[in-house]
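As written, the chains take the letters A, B and C, and residue 1 is the first residue of each chain.
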Amino acid sequence: MRVYLEFAKKSFQNNMVYRMDYFAGVINAIVMIFVNISIWKAIYEEEEILEGVQFKILATYIVLSFLMQIVYMMDEYFIEAKVRSGLISSDLLKPIYFRLYVFSYHAGTMIFKLVMQFAPAIILSIFLFKLLPPFSTVMMVCFLLSAALGYLVLYNLNFIVWISSFWFYWTFSLVTIKDAAVMIFSGALIPLWFMPQGLVNFIKLTPFDSIFYTPIRIYLGMVPADEMVSSIIRQVVWVIVLFGIGQVLWKLGTKKLVVQGG
Amino acid sequence: MVFIEVKDLVKEYKLNIRNKGLLGSIKSLLIPEYQLKRAVDSISFSIERGQTVGFIGPNGAGKSSTVKMMTGILVPTSGSISIGGLSPYKDRKKNTSRIGVVFGQRTQLWWDLPVIDTYELLKYVYKIPEKIYKSNLEMFSEMLGLQEFIKQPVRQLSLGQKMKADIAAALLHDPEIIFFDEPTIGLDVIAKEKIREFIKQINKEKGTTMLFTTHDMVDIERTCQRMIIIDKGMKIYDGSVEEIKNKYGKDRILAVEFSQHYEKINIPGVELIEEKGNKKWFKFAKDKTQVSDIIHLLTQKYGILDLTVQEPEIDGIIREIYQGGINLHESLSRVC
Amino acid sequence: MREYKLTELLVIFYKYSKISLKTTLEYKFDRMLMAFAIFCREMISVVIMLLILTRFLHIKGWELNELFFLYSFLFLSYSLFVFLFAGIRDFDGMVHSGEFDRFMTRPLGLLFQIIASRIDLPATLGHGIVGIILFMNTAFSVGIQWNLSNIVYYIVALIGGAIIQASVFMLSSCFSFWTLKTENLRNLIFFNARRVAGYPISFYPGIIQKLLIFVVPFSFVNYFPAQFFLRKDETYLFWSGYMYLTPAVGIVMFILVYLFWKIGVRNYSSSGNSLY
């Protein structure tokens, strides 16, 4: 276990090197939140309440979504780079669980973003955008749990795409298409309640809404108590399903790698 | 006639200092610190037309920076370079039309396309007249065996083939000077030998001035008349390869195969360094002990099957210089 | 050696383009998939806009087809930019791979080689197709008379927009001369600024409007040219002269950035794999 902690720490420190990227990340998030809130303000210009949602609730939704997007940002080409450089073979020979190693790398980065980017950005947001506090303490705890599950859903979904590099070597196209699907269907840019019912029915069959939409709705207190458990269970189920698919592909991929000798 | 003139060349870099540890790295992230590093520290030398010169030195010694300034890639911090009267960076375009550069670790060939496609492009880039292009291509094909792989995509070539193709690419426009940066790195012995042969022949036939940076001392021994050693940004030796060998390669190795196993062999001035079966290796200093004396003594006392004298390898000498075993600053001051 | 004649440079440019195209064709399937992926990525904001407008019909007096017309400028001019100047976009990578060092050892202009050595067809197509879809669906339904002067204005605006975007990219590339890695920073600023400019700048608070006019002048890529055609009620918000400034802004920006670039080349410290 110790070794994975070390990986995570290394990855955390790695992020420190790129100073420009660091500041850019924080400033960019603030600007993007600002801009998106402006667009929604323009939409709300004529009415006070849309679909029974007040503007300040929507603003909180947007702020949270963009801040979570920072924390959820992952190094999409970590595995691809290893496969193409051939380093993957030597990594597989090491006495470590590769999947856990990849996860600890991303966890380190995630914690970096949480501490160094999310924390300052959320403090700024409270002042700049009048971010609403969580609906209640219970909801706050549920939100944290749900957000962590959202991260895991996205991580395991990503892993499936990343592992495809065992077959395709270049995964830019797949990663980009996946990103587009996540951005549109997960409610990261527009809450699902503003979407046509047909589309929402479709999204409910996919893991996408478990990533951003579910945790944010919990934060805002829009999930009734009786729905809470089922929402979170849905997230857990998706984590398990996606992890399972990833595991099958992983086994097939490593087998292929062994057969072809990298 | 002096062709290349380098005077008091200096190159400084600004380096980012990174602090260690978690807190240190957070500090570096927020408040960057810099430090000036003098990679090249007033180096001067001149090279005549048609000479072959090898630059050697440990990693980070400043040889790459020196060569990059001579090719116009880097602008010197101070000092001057003149190549046939032109400044490599002020008259970049004029100067580059008469130089060729081979980077051993980075090809200039179009990775996904056949070698010939890159050559065709270079023909236009360097405005090579059709006649010269054809005759050069023919000549290089013959000498390097290019025709075997000239129509294959570069990514499918072996390391040796790639290097041959790369060298030919750098020579297509008949440059007056050619820079080789690690031209034989990673190649097998046969490919290395072939490339050295080719380089020597081009130097002889076209009179091209050649500059090398390499870690492979055999490259230098086989292809260079002159050697410049750079360490910590300063020139510490400038002279022929032979000279340094004569002066510092004082030790000789004598390998003897005896007819039977002898427990102890005692000859004054000779030291046993290795032994394997009936074979023994001895070391002696050639200016103190005559090799004929040793052989005489040995043959008198022992039964001997075979006997060879080995010269020291230049590699070993250079290694010793880097490690400070040989102090060039004092002993060679007269050479520089 | 004598200087290159313009015709010789054109021949070299043509040879480079041919060789790039040949490379692209080596990986037909992969590049087509890439173009599709870029298309999907660019459709994100279009789809979001569509979803919002399906629900709300108009924002501040702007209807869906007007917004799409406004947006089409961004895609078409970017497509044009990336078709002509993909090398400027990829310059960071050229420095880090040592390709730029190679350019410096050749008797051609640096900018010429950078531009000539890259053509990115997937990006050209990915962005271009989004632009064409938006344009074809809106150009004839927002009340524009496509007479000669309007067509000329449109084309000049597109070219001006492409030069503005090229300058933004080149500005960030300049930092690679000081071994600063700005690629991520640039992509962030650029693509987000573009997403921002997707909506009329009148939607935004003053500071963002000023940023988009004076700092990252995307408003000249799409808002002002679109306003020239649409003449929405809000024209009084900005000086009407802005509508004719797109090419001038492009040229001035490019000259300023080029001077900065010249300084950069002098300060270049090649990285490569052996620094000293």
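Everything below uses one rule, namely that a residue touches a chain if its C-beta (ideal position, glycine included) is under 8 Å from a C-beta of that chain, and two chains touch if they have at least 3 such contacts.
A quick note: this is a predicted structure, and the numbers were derived from the prediction, not measured.
Asks: Of all the chains shown, whose C-alpha centre falls nearest the centre of every protein C-alpha atom combined?
Replies: Chain closest to the assembly's C-alpha mean: C.
Asks: Farthest chain from subunit B, going by the mean of C-alpha atoms per chain?
Replies: In terms of C-alpha centroids, the chain at the greatest distance from subunit B is A.
Asks: Starting from the mean Cα coordinates of subunit A and subunit B, work out the distance between those two points in Å.
Replies: Once rounded, the distance between the two centres reads 51 Å.
Asks: At what distance in angstrom does the C-alpha mean of subunit C lie from that of subunit B?
Replies: From the centre of subunit B to the centre of subunit C is 45 Å.
Asks: Which integer distance in Å separates the CA centroid of subunit A from that of subunit C?
Replies: 29
Asks: Residues of subunit A that touch two or more other chains: which are they?
Replies: Residues of subunit A touching two or more partner chains: there are none.
Asks: Can you name the residues of subunit C that touch subunit A in the complex?
Replies: Counting only subunit C, the residues touching subunit A are 30, 33-34, 36-38, 40-41, 43-44, 47-48, 51-52, 54-56, 59-60, 180-182, 184-185, 188-189, 192, 195-196, 199, 203-205, 208.
Asks: Where on subunit A does subunit C make contact in their complex?
Replies: The contact residues of subunit A facing subunit C are 18, 20-21, 24-25, 28, 31-32, 34-35, 38-39, 41-43, 45, 50, 170, 172-177, 179-181, 183-184, 189-190, 194-196, 199.
Asks: In the complex formed with subunit B, which residues of subunit C make contact?
Replies: Residue list for subunit C touching subunit B: 1, 4, 8, 11-12, 15-16, 19, 22-23, 26-27, 97-99, 101-102, 104-109, 266-270, 272-276.
Asks: Which residues, counting only subunit B, touch subunit C once they are in their complex?
Replies: Contact set of subunit B toward subunit C: 13, 39-40, 59-65, 68, 71-75, 92-94, 96-99, 101, 103, 105-106, 108, 110, 112-113, 117-118, 120-121, 124-127, 153, 233.
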